[in-house]
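Consider the two complexes below, in which chain A is the common component and chain B and chain C are the respective partners.
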Partner chain A sequence: MMLGDWRRCWKGKRSDERAQSTYLTASLSPREGGEGERSKARAAHLLRSGEKAGDEVIAVSQFVENFLQALVAGLLTGAIYGLMCVGLSVIFGVMRVINFAHGDFMMLGMYVAYYAFGVLGIHAVFGSTLGPYVAALIAGPVIFLAGILVHWLLIGKVTGMRSSALRSEGHYAQLILTLGLALILQNGGLYLFGSTPVSISTPLASNAWALGPMYRDRIEVFVNQGQTVAAFIAVVVVLAFVMVMNRSRLGKSLRAAADNPEAATYMGIDVTQSHRLAFGFGVAITAIGGGLLASGTSFQPYVGLEYVIVMYAGVVLGGLGSVSGAFLGGLTIGLVQQMSTLFLPNQLQNTAIFVVFLFIVLLRPQGLFGTALRGT
Partner chain B sequence: MLDIERLSAGYGMVPVLHEVTLRVKPGEFAAIVGPNGAGKTTLFKTVSGIVRPTAGSIRFEGRDLLAVAPAARAHLGIAHIPEGRQIFPSLTVLENLQMGAYTEAGRRAWKENLEKIHTWFPVLAERAKARAGALSGGQQQMLAIARGLASSPKLLMLDEPSMGLAPVAADEIFERIVSIHESSGLTVLLVEQRVAEALHFADRGYVLEAGRVVLEGSHDELKSNDRIRQAYLGM
Partner chain C sequence: MREAIPRARRPIGLVLALALAAAVNAAAQTKDVEVGLIAPMSGPYARQGQVMKMAADMAIETINQQGGIKSLGGAKLKLEVFDAGDSVEKAKNAAQRMVADAPNLVVATGAYLSSFTLAVTEVTERAQLPVVTFSYSDLITSRGFKYVFQTSATGVQQAEGSLPALMEMAEKASGKRPQTVGIVMDNTAASVSFVKPMRDHQFEKLGLKLVVDETFTPPLANATPLIQKVRSARPDILILLPTVISDAKLLLEKMNEFGLGRGKLPTIANGAAILDPDLRNNMNIEQLEGVMAVVADWTTSAQKDFVAEVKKKTGEPWATQHFVTTYGDIWIFKAALEAAGKADRESVAKALHAMNLTGGAANFFPGNGKLKFDENGRREGASLLIVQWQKGVPITVYPAKDAISPPLWPKQ
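Showing the complex of A and B:
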């Protein structure tokens, strides 16, 4: 296999070629950059390899190409899903709270990035290539503060040590509170931001690097530049967070509070404070994920609903409460979603996620990467 | 050092402690003995702030402990080694000790404390990088005690350190506690069901039954008390 030169491709005349590119379901639904080039490239391949090549060879190489394309798309989206899952799993891991509003904090992150980029002048300062990523990172601290505030005003009242004494009463208050919060954020978002879908426009989102042509010019895989940068940032954020959790005193105290809140109190760790920080970190990390998605896809205030399901699937897949597991879970979800487009229509992407999800829950209830759940 | 005055406490509507009065002097080895359900663990949890008292007062070095937030009490120098060990299973042995040293005093004396801990419990040095949940019961109890010691406490409160351990392991733990008390002069408050051993080593003992202190006295007084001899020492 040889890797061809990396070259820049621009969005082609997609409309003309879409009709003949029925095999291109592998490309991402929100980011269609690349479809056009691929049809064009295909035509070129056929010319180059001549009509002599048999239909079977073409079919096989087409499948391999689609497979590789889906693999790349899956890894790139999966990295961002992984980041979002890490945020959710921190909250569950430390607080044992099911946060139904998590997707809506992601939505807030998207809008923070959107407004930071357009209105607050990130665009003017950093330009349209770097700007969207700076804006996405800004969503982190902003939503962190929002999370701290929400925990202080609301969630802290029904969680933590206060409720652990009343464990027998169940977690109804937490469930209803976060569900209510989700509704408030969605409708508040609708009121504030309006229902018109928006997105951050960056030239990178419609540019792709070409891998190939390889295998006698029959296979060429396109790697979306915007997605690649976003995935890279997602991985860096996850690694940084894992370092904080594993190495720092703060991270260890969060893990201790997660392991045993009562004993953590005996150590002098303020568990309510730990929960507040965990909630802040959790929503902030997911908000960065949302900010990264915001430059490739259009969104509206209800966008959280689509993703919260994906996030929960990823977190459960990875094993509840494990940070690295959650990232791998999210990555798996991204891969399954994209790979499924090889065999299923685009609309069934999420169905594929849940089929795999159900199988894993049935066969390995502790999650793919988790150990058996502790009884806390 | 620790002055508990007419303390009553309970869970919700269920009262457990009734006007318990108890004193621990600096440098003393005090023991609380009594049957299951007498309220010994509840007493400790009230001192640590996990259970709120309904009446009475707790003073630590003259300071009103009830006005201090639960998590802040460790920082005053109280190390509570809870019943059933309650180590952090997913953290490593060393990380557990680091969490013990979460207090300012513990952080400042981290190196010396760790050295002492490793001489008292060499197994914790050997298994420093193991997940605490992977240790044996006896080792977990050692870790729980060491974690408490890592905070540089003034008062060590031990809740049934021998519970759930094989007799040999329990003996070992007991010996270690006594030698730690003797070598460091640390004030110790011990809750124990192994009455004979507890009273043997204690300077002062309290008998707690059904949430009330029914008997108290010095080592000699309790050992010669007929009721203790009959009910607890089987003599």
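Showing the complex of A and C:
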């Protein structure tokens, strides 16, 4: 939604005008000498105080507007971060694997959404308003299958029950494997997709709903339409996944495989299969997050590096292994990143994230929501 | 023995004939004059290198079709390309390969980023290979080198010249002098050096009040806080300096969302990144309308035929800064070779130092209409252009003598 005229006058006119009229009255007063001078001085004082009060009102209303705008931006950005963190958290929570290639699966999700939108005809069928979000959802199952394949061929060899036979329970091999996978995906992406930045075009990306004007027309907050739709989808996907984890037999088997793989095996649960599904779900959820991002920003094959650190911070902040905690951790990261700009220079946005991260780890090593939400 | 002589003469004759043929062939080969292009052909900057190669190929094709280098008996130009990669180290290695593997190279152009050019010219200077460059850094021609020639207005010249040019343009277009200014920039070296003289003394000198000054670390996750501050401060002009396309997209889209886009708030960037076709491919064309950039080269009103030829031959939507300048560099090579009359590095370097052209190659470089280098190799009278997105195409709008169209500027 466009603003008609952005140059609205916020000069606190009323107090200024009142002081000005008092000054004029004093100037026209027939009395001279001390009384007249005192009136002039009082009027000048009122003028100054009126200006000061006007400035204060402007400053306060501007701060409130900036605060609300940053809050909205933080919530909308944080919801997408939260979705991506959930994907990472599933893999870590169930498999206990630190997946350095996670950001690159997100990148693959972005490209799947991009090509689904442009080449597979999603744009033609659903248009440029709905199409980008349908394309983002399509990225989920596609990357789920890719994740299953990668686990079957590679990750499964160094994780799960097999890893107990390896040095340090396979953690070294897992680290090297996922790092190598990240490099292959980045450079393979460069070869396949090229280095030219691309994005999914939607009119919602630069349109907003306006809240207001409020408070004597001094405050108006814009809510980006594209990000709002993306955040809504992110929340729905997370809720759906939490339902699956809590209410379905599949979710129970995944949680059992996470809690105690040996006991789960004795109970007839195929732990390797559970891990494979967890890996598939983890990368698929993050791919949907990537697909949602693809309509708001341009990207190239190295885009995953920009997000993977934020994802890890969100997961640890929320509480390792907790799905709901990971989402709230991602949301917190988004809020800190955007709202820190109210008090700190923009350059320190990401520094603020890690200062808060370290502070929380210092006070609550289990993460913000680790205890309360464990087991979701 | 008598019978043996004629038998022996036959192979000698054959050898002489072969030697003659080889000499003729060799003479034909020496007619080609090797010129070099060192630019990124791989990695994230590969697209710019490819554009530069397209420009060099097009210029060489035209020169060769017109009879080559006449003072060298119609010698044809031959392009040798060297991949500068995506790092200073790779660019330096490419320069070392260039001087070692191509001893017949007489002159070269490159190397895209200033940091690459600084490293490359350290190598080429020792090999006494003349290099003509468009890179902006003042350091390139501040080291006392004899074989480096810089055609662009340097970074400091651009920083000093852009704000007065912008003020002049604003006054002419709107009849009103801007009073306030805002800066939103990333913290890369190019952006920081561009605004340094402005913050140091230019704003004060020009009577401009800096009402918003925000610096961010790329890449941006969300441009809302930055543009919200611009919206609150309401400057008359905004200096917007992103260097990554994803950041430019986020910032410009957010400005449109907040009602500041499409020329409502005059916005100016530095460098050609914000004028790149890649940005247009990632954004709604209408949202770019009115965005301006200070650049050291672009196509001007005198080059309409050239632009049509570029579109026809390369399929590019327009000639970018790197296209125009590389194309012009090849024409500088031709002029220097014609003047030198010899295809050797020393003669070409002398010809470049003595060059004083009007017309021809000089048409591809903005300034006083002349092409002349000072003793440090810096082009005399080099100036800047202001280019603005109008109807989906970036076109020159300042100075008036080079402008293809008048600038779009809000009247209020």
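A few comments on the model shown:
What we mean here is this: the second predicted complex is superposed on the first by the 312 of 376 C-alpha atoms of A that agree within 3 Å, B and C clash if a C-alpha of one lies under 4 Å from a C-alpha of the other, contacts with A are read in each partner's own complex, and residues count from 1 in each chain.
Please note the rule applied: contacts are C-beta pairs under 8 Å (C-beta built on N, C-alpha and C of every residue); 3 or more make two chains touch, one makes a residue touch a chain.
Here the structure is a predicted model, which is why all the values come from computation and not from measurement.
Once chain A of one complex is fitted onto chain A of the other, the partner contacts of A:S199 are limited to chain C, with no touch recorded for chain B. After superposition on the shared chain, chain A has more residues touched by C, the comparison being chain B against chain C.
After overlaying the two complexes on the shared chain, residue contacts for A:A208 are found with chain C alone; chain B is out of touch.
In the superposed model, A:F222 lies in contact with chain C only, and not with chain B.
Legend: residue contacts after superposition of the two complexes on their common chain; A:N346 is shown touching chain C, with no touch to chain B. By the touch criterion stated above, A:E65 is placed in contact with chain C alone, chain B being left untouched.
Across the superposed pair, chain B and chain C touch chain A at no common residue. Residue ranges of chain A in contact with chain B, taken from their complex: 161, 165, 249, 252-253, 255-256, 258-260, 262-271, 273, 374.
Interface residues of chain A facing chain C in the complex, by the touch rule stated above, are 2-4, 6-7, 62, 65-66, 69-70, 72-73, 76-77, 195-199, 201, 203, 205-208, 222, 224, 227, 296-300, 302, 306, 334, 337-338, 341-342, 345-347, 349-350.
Across the complex, chain C meets chain A through its residues 43-44, 46-47, 187, 214-217, 219, 221-222, 224-226, 228-229, 231-232, 234, 245-246, 249-250, 253-254, 256-261, 264-265, 278, 281-284, 287, 412.
Contact residues of chain B toward chain A in the complex are 11, 48-50, 69-75, 79-82, 86-91, 95, 98-100, 102-103, 147-148, 151.
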